[in-house]
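Each in structure tokens, the structures are laid out below.
Shared between the two complexes below is chain A, which has chain B as its partner in the first and chain C in the second.
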Partner chain A sequence: MIPLSIWDKFKKIKDDGWKSLLKQSTDFQSTYYFNEKTNERFGFHFYATLVDEQIIQESALPALLTKKFESLDDLHKIVPIADIHILKNPKDIEQKLLNGYVLVTLDSDKNRFGFIAAQKEIVRSLSQPEIEFSVIGPKEAFVEAIGQNLNLIRKRLPIKELISQEYTVGKLSKTKVAVLHIEGITNKDNVDTVKQRIRNIEIDTISDSSNIVELLSDNSNSLFPQLLDTERPDRVAAILAEGKIAIIVDGSPHVLIAPTTLIEFFSAFEDYFLNWIVATFFRLVRFFAVVFSVLVTPVYVAAMTYQYELIPPDLLGILVTSRRTIPLPPILEALFLELTIELLREAGARLPTKVGQTIGIVGGIVIGTASVEAGLTSNVLLIFVALGALGSFTTPVYKMGNTIRVLRFPFLLFAQFWGVLGIVFCFCILIAHLLRLTSLGRPFLAPIYPLRLADMKDTLIRTPLQKMSKRPQVLRTQKPKRFNKKKAETPKDIDE
Partner chain B sequence: MQSQTIPNNLKISPYLVFYVIISMQIGIGVLGYQRIIADYAGHDAWISILILGSYIHLVLWMMYKLCEMVNGDIITVHEFLFGRFISKVVSFAFILFYIIYLLSFILNFIEVIQIWMFPDINNFVFSLFFLLLSIYIVYGGLRTVVGICFFGTILPVYLIFTFTFTLKYADFTHLLPIWEHNITELLQASYHMSLTSVGFEAILFIYPFINKPEKSKKWAHIGVATTTIFYTVLAIIAFSYFSKKQLENTIWATLSMWQMVQFPFVERFEYIGVANWCLILLPNICLSLWVASRLLKRATKLKQRKGAILISTIAVIIVTLFEKGVDIESFNNIVEQMTVAFVFVYIPLLYCLSLIIKKVKT
Partner chain C sequence: MRKWICIICCLFILSGCVEKRIIDELNIAVATGFDPDTSDEHLLKTTFLMQIFNKEMSVENKTVTTSGDLRRETLYKANRQSPSPIVVGGLRLTLYNIAIAERGLTPYVDAYQRDASIGKRIYFATTDSSTEEILKGEYGPQGNGTFISDLIDHNIEYGDLPKTNLTLFMRDFYQEGKDVFLPHIKKINEQEIELDGISLFKDHASYKILPSDKLFYFKLLVDRYSKGDFAIDLPDGEKLAIKSIHSSHKYKLDTNNPTNITIKIKVQGNIKEYSGNNLNDDKIKEITKFIDKKIKNECTALIQSFQEDNVDPIGIGKEYSTKIRNFDYEEWKKGYPDLNIKVDTKVVILDIGTSI
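Entry: the complex of A and B
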């Protein structure tokens, strides 16, 4: 094993121009060896940082040195690695090398190039889902490596119909994006739309799947996320089976799901692990929490500014007493508290966990009590704002939680303009906007509008699994039935 | 005869016609129609509502017949019967009709808001905001407009339950003796009920957008029946709750009934009711705007986007000119005569005419 040549020597040998740029990187290595049997000279070129040296040392190199190696076609025979390509086009060299292949050149066969796969995958171990944590149910979450994520999904859906098609997005980042669907179930138009849109993406780098969300969204100016992202393989598997499409982006631990609906953002995956009555109860609680969280401060501002007659005398007494010494008008008081909460949230999110917790306690308790004692805000409003903040954090999908937090500010402004009328007006705007939103061209408000009563089984309520024997109609799947309902439930007579 | 071809993905499902009809029929009139009809037919006025309701079913049936004849909207009907020139003239008449219709909603709603909530709400600002929102909705196409009709019907349904609060104080003997008034009085009341009941004529314009229109017939009639029953029941509740003298002095009977509603956390429910009416009026205004701009597009080739803006601008200007002092009552009378003439007189005449012309042509 004598390394024969270094770059200077290599340069003299007449060769193609493919190496000129590559050699500028110091981690690019290029070595020449002689085969023991035939005395043929062959070259070994690779990025040391991209390949697994163990594969080269233990399988590729010994085989090439000791076994009979006459032409590049012999690679298939003598190297014990499955992923071997022999290509003619020098243009492929760069791409393959950068994907972690080892280039094998043979002096007697200069027009062809052999490639041996030796990718080094740096993966972190599986961890628990952090954003979509569930007390019961599977505890694995996606990681950054696309291969591992695919593995997690394939293990849950071991069927050949699960099709994964890969695309490369980003001129510089060359990010791998895989589109997954189940052949024979998923609507073909939806799949084509996703593929078409991914192919049409013009961008230089993709840092995370969130970038893909923004680029695929029907309306990127909307406050609402139009693709669902999840870190749970179990959720992706279940949703693929429902007839939706999953998009995995290399380097992102969040897998995207399309098309989606507004309702889906409020359903936690844990709902399916709980008894359906409990799950329905939790969903309703979540729904009221969100409505409360958006409306409570605006209603306070509206009532305190204009329509105080709205509030019964007994309750009004408490409100007026708490506001007696407060110098600020209700809107400023409310904005002050809302912004305080936003500050706390933002500070907590940017700091390391332990410091963040301390800030939360200091901010929440100290600032809250102090501002009430100082007479800047009323304690009733403090309770409302705190409850509202709590409510907004109940949304199971993080991005929707952010939306809910921002949503209250337009409501606050309109409440200041026109009181209760302004709140209803703002609500009309919200509905109009949601009506116009689509996800992959499918209505975002489904199954409420267009009304699909059959799909209502899994919205604000969650009916028993056996009742949900049909896939959502909105998706127009190729197989509307999930399983045979009659087989699933055979009613028994008494004492049988 | 060239009928428009509408791509299927822009069409609406037949059952949605139900919501279109209801949301278009229920508008601003509901807030105070009880006094107006009671002026003519007293406590028997609920019979007038039923009479009008049956007549509406007949007119609706004729409307469907007319549209089915040409498989298009009312403009196509005119083109078929009288030629292109007349159809253009009629288009402009309808555009004007819908602009006035739209204005009557905004003006009356502003009046209600001024009397019940904000005495000094600005006509200009309010109409501007409201029409901007309507333009946004109309830009989403008919599907979005119908979506607003859907939510404008579904979400305020809870208001129905608030009327049960008055039942405690209702005295149904007020309704007796039944049929105390003669038929002329009853018909007079029906006539004055008509402004509150119109809106269903929108079907003439959205007909080409309905997927399988023959299936929507059933839903349209169910819609009309629902509103008729709702109006009748609400009138009966009002007649039994208010005494005759009281009702004479109550302009907004429906709103006044809400003053009885009490919850542990809400004292004056009529505020919520009036604010909620925003959502009930929105479909009326949006669909009117959509129809007017659509007709403008068909008549002049002006882009519907621009047409909607043009019509809204005109509306905002007129509403601003109507600052306090201008008599809304007389404006409403004009609107009433206009709608009665169009919906209840012209359409049946047109239907009869179409039968004759069809006979002659074949």
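Entry: the complex of A and C
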């Protein structure tokens, strides 16, 4: 038992400490009232900007003023709010106040502090997904508030096995980060890895889940994102059921998914809402678009500068005529057009939407046609570059789209220096890098390498849902089987 | 890290070692022709045919002719007449004057084989007239090189020309058991040329032209038809046109007596046009029998003439070498004229009046 005098002294220092600092903020309010029944003086301390004043005025204050309030334990009885804490340690005061609690002090009970939850939730209403928009399927997207996002996921997976564990990251921002997984399905090592990495994060502020991606990535120097981010609750729910882990970051409408693979970045969630044949076709189109987008200008440069033998004889005439008046060598011509497209994209992204539309027109019509007419670029290349740009926008995940856009520039340089050989060389480097890349220690190129034929059902193609009865092998889940394949494949009619 | 810096430095420094050939700074030859030099100073006279693409997408023919003793020498000389370096990577066709072909094509084939920039599906052809004159003509808006190579191309696919290109030519050229042949082109006038048969080679040198009316039977023996047509005169004076012919041939070696070999030819087709009145089943049977016999006779005659000349463009020697263990080609070659080669034909008329 600590002698009372020392305790009082300690408390006094602490007391003044927290109060003097808090009082510097103008939105910190501290008021005292007298209870009508006992005439006891009690204090209300809170950040006016963090608490919902309606709760104070309608629930907390009237009860405390009119009902019998003798000790802090009475708070539980008289205040109609569930989230009430009575703590002894003055160290908790700062954290609780900043989390939107109201501190209640009672003159006759100075050793303890009462906290009443009165958080003001500034939430925006749910909106449609903007980046991963789908014509059919749910139209909900995540918002910034972590509670609301959790709610969206829990609604879709109403099982007790869905575990959510919260961490606080950032010395200053104190961002809440929740790690979600399904107990009994998700591989425990993966969950532990995520938790450990989040605990080990040493940083002051977290602005968005993208920061977490960077801090959690196995190789942060890679051009490729190693955690999938999505704004669709339905996708997160489906992927959790697959045995992966979701990471929700407070203040970010993008939920992270780990571990992920390269293939996953090219699958739009809408694929699962369409007929599997149609979806497979769309996926193949998307993969073709990506390969085309990365390679078309480099191949053009290589063929024009070194390997003219590659050009089909019927195309030769068109290419030669289109290039005849161009003063620039193919590489400069290609770089000029690629940079034009990049400038347009960047300008469009930085400008408000309404001005952005004009940029599209200026870029598309004026620069495109004018540069061809002026004889600066060939019209054939203009078509290739425009198609390539279009191809890079087909990737469903925005971050991967950016990667694709950057990826073509090294290819272009290699094509200029070494022709087709250079493209092959660059491709080898790319493949080597992708092979080494891991997401939470799981191979990034799976199931292509290491080859897992059973996992191929949901990669370049999407097989019917009944056929995908097993979770990806590469995840090493605790329950590899999702459902009984035989039962799923033989639907029974009522008259059988 | 140092390793990486080293590699990247090499990439940039060594890039100067790669020869740049920017497409619009080249003079791409689409066809070449080899003639004997008329002035007798040199061995060769080479004609390079270049395409000049106009703004309106039409093609202008431009030829450069030079003389020399070596193939490369003529190319170097031709560059003196060209605004930009002449390159041969776009070649689609090479014509040989028959006099050159009679000297033997060995040096030319070797050069084509070694040049990696030349496509291996280009065509070789021989001609009676000077190749310079052929390449200087004006045959069509697509340009002479394209015109002549397309002419050969479609006659292989739909016509009576057996499949030929540089790869197949080289294969037969170097392998034992088959003599090569090349399409033969004739110039009619400044605007027209035609396919005028096949020049047969003996020991890598041209020796005889097979006229175009024998081509149908020749193709039946060496290649197979997938599409094609031919007309025939019937003994009763009527005429008949047959379309969409499918044909295949098989060799059957008599295992007891290897000097006997049978070539089984199967021909299928539809009667498209008939000058007579009524075409009933009996008549069709009669016609089938007649065609059967006709093909058999013509093919046998062809083979006999090859045996007399001791050439083997059909590749019977190759067939033997695949069927007989420890095959001695030299010995077989001596016995070749005395081989008993039989032709067995089977003609099937699938349909009349319609065409697929």
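Observations on the structure shown:
Note that in this section the second predicted complex is superposed on the first by the 473 of 496 C-alpha atoms of A that agree within 3 Å, B and C clash if a C-alpha of one lies under 4 Å from a C-alpha of the other, contacts with A are read in each partner's own complex, and residues count from 1 in each chain.
FYI, a contact is a pair of C-beta atoms (placed from the backbone, for glycine too) under 8 Å apart; a residue touches a chain by one contact, two chains touch by 3 or more.
Owing to the predicted nature of the structure, the values given are computational and were not obtained by experimental measurement.
When both complexes are superposed on chain A, chain B and chain C occupy overlapping space and clash.
Of the two partner chains placed around the shared chain by superposition, neither chain B nor chain C is touched by A:Thr369.
Once the two complexes are overlaid on the shared chain, A:Arg436 sits against chain B while remaining clear of chain C. Contact with chain C, but none with chain B, is seen for A:Arg323 once the two complexes are overlaid on the shared chain.
Of the two partner chains, chain B and chain C are each touched by A:Gly419.
In the superposition on chain A, contact is made by A:Pro313 with both chain B and chain C.
In the superposed model, A:Gln54 lies in contact with neither chain B nor chain C. Residues 306, 309, 311, 313, 316, 418-419, 421 of chain A are contacted both by chain B in one complex and by chain C in the other. Residue ranges on chain B touching chain A, taken from their complex, read 13, 15-16, 113, 117-118, 121, 129-130, 133, 136-137, 139-140, 144, 147-148, 150-151, 262-268, 271-272, 274-276, 278-279, 282. For chain A in complex with chain C, the residues that touch the partner chain are 303-306, 308-309, 311, 313, 316-321, 323-324, 326, 329-330, 414, 416-419, 421.
Those residues of chain A lying in contact with chain B across their complex are 306-307, 309-313, 315-316, 418-421, 423-425, 427-429, 431-433, 435-436, 445, 449-451.
Residue ranges on chain C touching chain A, taken from their complex, read 11-12, 15, 18-24, 26, 28, 30, 51, 53-55, 57, 59, 87, 89-90, 92, 117-119, 146.
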